[in-house]
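Which chain is which? They are A, B, C and D, in the order written, and residues in each are numbered from 1.
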């Protein structure tokens, strides 16, 4: 991590409802914005004056940084994320940011992005920071229409948007007649696992941003680990501090 | 208790801020209103659609009943009562009502009411139901100005309203040259205890509405008890179901 | 088919939703038909009438309730004479009578006296109340005494014998096993956890007696761990309680190995809690078309 | 006069606010000056490196946190070689090293190895981690073994010896007493409570390993009851923890008999929690002009 994280009270500058499940939060903070790199995430929770809310912060990827604005794209899943998507302009949040490592910038000429559901935001940020001469193909999958956002190829389980099926099907087809120097991915574990097997077969480098249940978000509790290393010599590394981005070949998928 | 209590979702018809500490809630419910007697109380808590708030109901005396309206006068003390005083018109509450026994109607011609702080509301309701030919002298005491509401004689600890001192001082003076057939009281334990001693000396019947920390409010948990009976033969009775009104002579004050 | 059908050993239950001793009474009959419950569990009675502990007896913490009632009850004679007939009159569901004693022989005498009464479907033997010194609790922490007590009671009754266990022990599984081996039909757990609260403004204990019994949502994870441990250790059914407020909470306990559940403190938060649990479970089982008994103990990792 | 002055036996503390083992790290130094704390407590180390338990290791319940880290740590050698020098470099406050072993002789060897290192002010002997099978926990539940362990360690060091106790026992007071009699300088309590949670939608344990350690606001009343019980049983000072989030929480523990407190899970809710506790206490003691030591154990009823 390049910088120490900042802990701060921030004002919600805008909160845009994207659809019934997703909202976009905008927070303005030049210092934090200046430190964010693609792959980084924030820990965030609503703030109510007078009393500390005794709930965990929620890890949310950075979706976009535009001058001093940080954008977060949040899906309402459970209690914590629902509260976040219901924030209004002017509400305050507690923020710890930026956190985690970042995606290695591609060295080749052609890459694929593969996202599933709430794996979308960090890839958008990555894409926005890529050199213009890099060819990018973005595959995005979701359960249904509301999980789908702008991309090159959309897949849904229920067929309500894009093609019906798994996003990996699209990738497999595409790889048949396209060179690919690296794949970047974020999404549910099952997706990442399938991709890892695929990339192994095709011998393509794969960088994944892992998800994990987090408590501290800053590396002290060792709650958010993934097994990293070789078959013979691995250790549990922290998604929040050693990750969230890992080289898929280092992950001991068989232990997850 | 004359009636079974009713458990029901009710709408706040109005919420009036009386001063920085006190608010008045109005709830319209003809069935409940028709069953309320002076001394009865309600168990109330805010309702949020979708999820049951896992907090105890709060016991609040009935302050006034006017046709179908039930009025509650609430002082913001801790978490529960603060939430209640912050309700708005249209908010929903869960209500269990009416609860508890009621004051015995006076048989004599001249009575005194003695209240302290949030002991005020039940005496107002009692007063409103007294026969017009009964002479009433109301002594009300509080910590400061904001605890003071319409009465015949007000006392405050800090002297910011009425006379500086304890409300019992006023009563003692008054008793010197006024006949008194009975005293009705509600307020902090210390007040009731002092009154009980006083009435014992003067041989005046005293009916007190007791306070207690409550869990169920309906008589099942035995959490809200006071020792009632003779010195030799007493038992813990429930404020919520056997009370809240007791004949002060039956209360084993020395055990409280 | 009744998807909710379950049983506590020799006691079949039409549905798994019961109520926790000491947190319930026929007063709740003002709000719904009590005969919709799987069973009714009475407040613990003792041989002699008990006045209970001095007040304050209650305090609500951030996510739970402290109580120190101290088994206030009218004693067994008055219970049999006045309370039981009333319960029989109002209820057509199984009546489970909770009782506690201060010695094995007192427990035995009480059981014999109750066994002479009609209309009792089961006994819940309370050896786990944290709020009295000489009643019950000392029994619940020692596997040897539990064994002696259960054998003694088993010899005297054909009725369902439920032993109610305390979580305040090093090894609840060994106590559960000794109750099972000695003839208990089923186990009830958990009773309250030791807890305390102090007013930071004054330094005064919130509960007059000091240490109290802790219940409610906060203890649900503790109850679940205990139920799981006991379910791994014994074959007899478990009546689970501890922080159950919703049908989803109830499901957690079924997965962990409970055959029935009891709603306790939640009734104070929501007088309809037992009925809402029941209706939620009913809908869920119908929607998924799974009988309750297929869920019991089917936790995965 | 420093109203916050306190001590844990032979270890004087400039203020009573420390942090709970395993819930803290120098990472929090990004947010405030760690040297404002009364002491720093390291995450428990074991003799050999430990990978810890499989994931998920965490789950947040209604008012607390379940964890099953399983003492993941780099082992004593790496700790001494790399971590300790870093701590010494960053910190001028007392450093308390928490460690755990799988046998009395391993505990002893570890202590001796640590005693050769400069910059350690005290040991917190962890005999109470619920998330490992062979380390620690078996020690914490048996007064006889605690006695043997503490005597052995006492013989080897002049440094402050803090014994960290488990709440998951029938009688914490007897274990505390045996630690005291065997030479412990002070006691730390409580470690986490056994807890569990299951996903009602799937029947899957929220924590891969099943039963986990429960911490946070929900366990505060339990911690307080244990601290009070132990304070009544022993003379040596108590370092209290369990759900402490605010200075008011801390006051409750001082009244119950604690000489110092540790903030654990609360740091996850509020990275500044230890500092807010400290500042709140400081203001309160100044306003009331009472030295902390006058409050300790002064509970009333």
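Operating definition for what follows: contacts are C-beta pairs under 8 Å (C-beta built on N, C-alpha and C of every residue); 3 or more make two chains touch, one makes a residue touch a chain.
These numbers were taken from a predicted model, which means no experiment stands behind them.
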State the smallest step count from subunit A to subunit B, taking one step as a move to a touching chain. 3
Using direct touches as single steps, what is the fewest number of steps from subunit A over to subunit C? 2
Label of the chain whose CA centroid is most distant from the centroid of subunit D: B
Top contact pair of chains, counted by C-beta pairs? C-D
Take the average of all CA coordinates in subunit B, do the same for subunit C, and state the distance between these two points in whole angstrom. 35
Whole-Å distance, subunit C centre to subunit D centre, using C-alpha means? 34
Cα centre of subunit B to Cα centre of subunit D, whole Å, reads 47
Using the touch definition from the top, which residues of subunit B touch two or more other chains? 54
Do you know which subunit C residues sit against two or more other chains? 62-63, 217
Topology of the chain contact graph, where touching chains are joined (line, ring, star, complete, other): line
According to the definition already given, which pairs of chains are in contact? A-D, B-C, C-D
Looking at the complex, which residues from subunit D come into contact with subunit A? 22-25, 27-28, 30-31, 43, 51-52, 54-60, 63, 65, 67, 69, 72, 216-217, 245-246, 265-273, 276
List of subunit B residues in touch with subunit C within their complex: 4-7, 52-57, 94, 96, 212-227, 234-236, 241, 255-256
Sites on subunit D touched by subunit C in the complex: 61-64, 66, 141, 168-170, 193-198, 200, 202-205, 208-212, 214, 217-222, 224-226, 228-229, 248-249, 251-252, 255-256, 295, 298-301
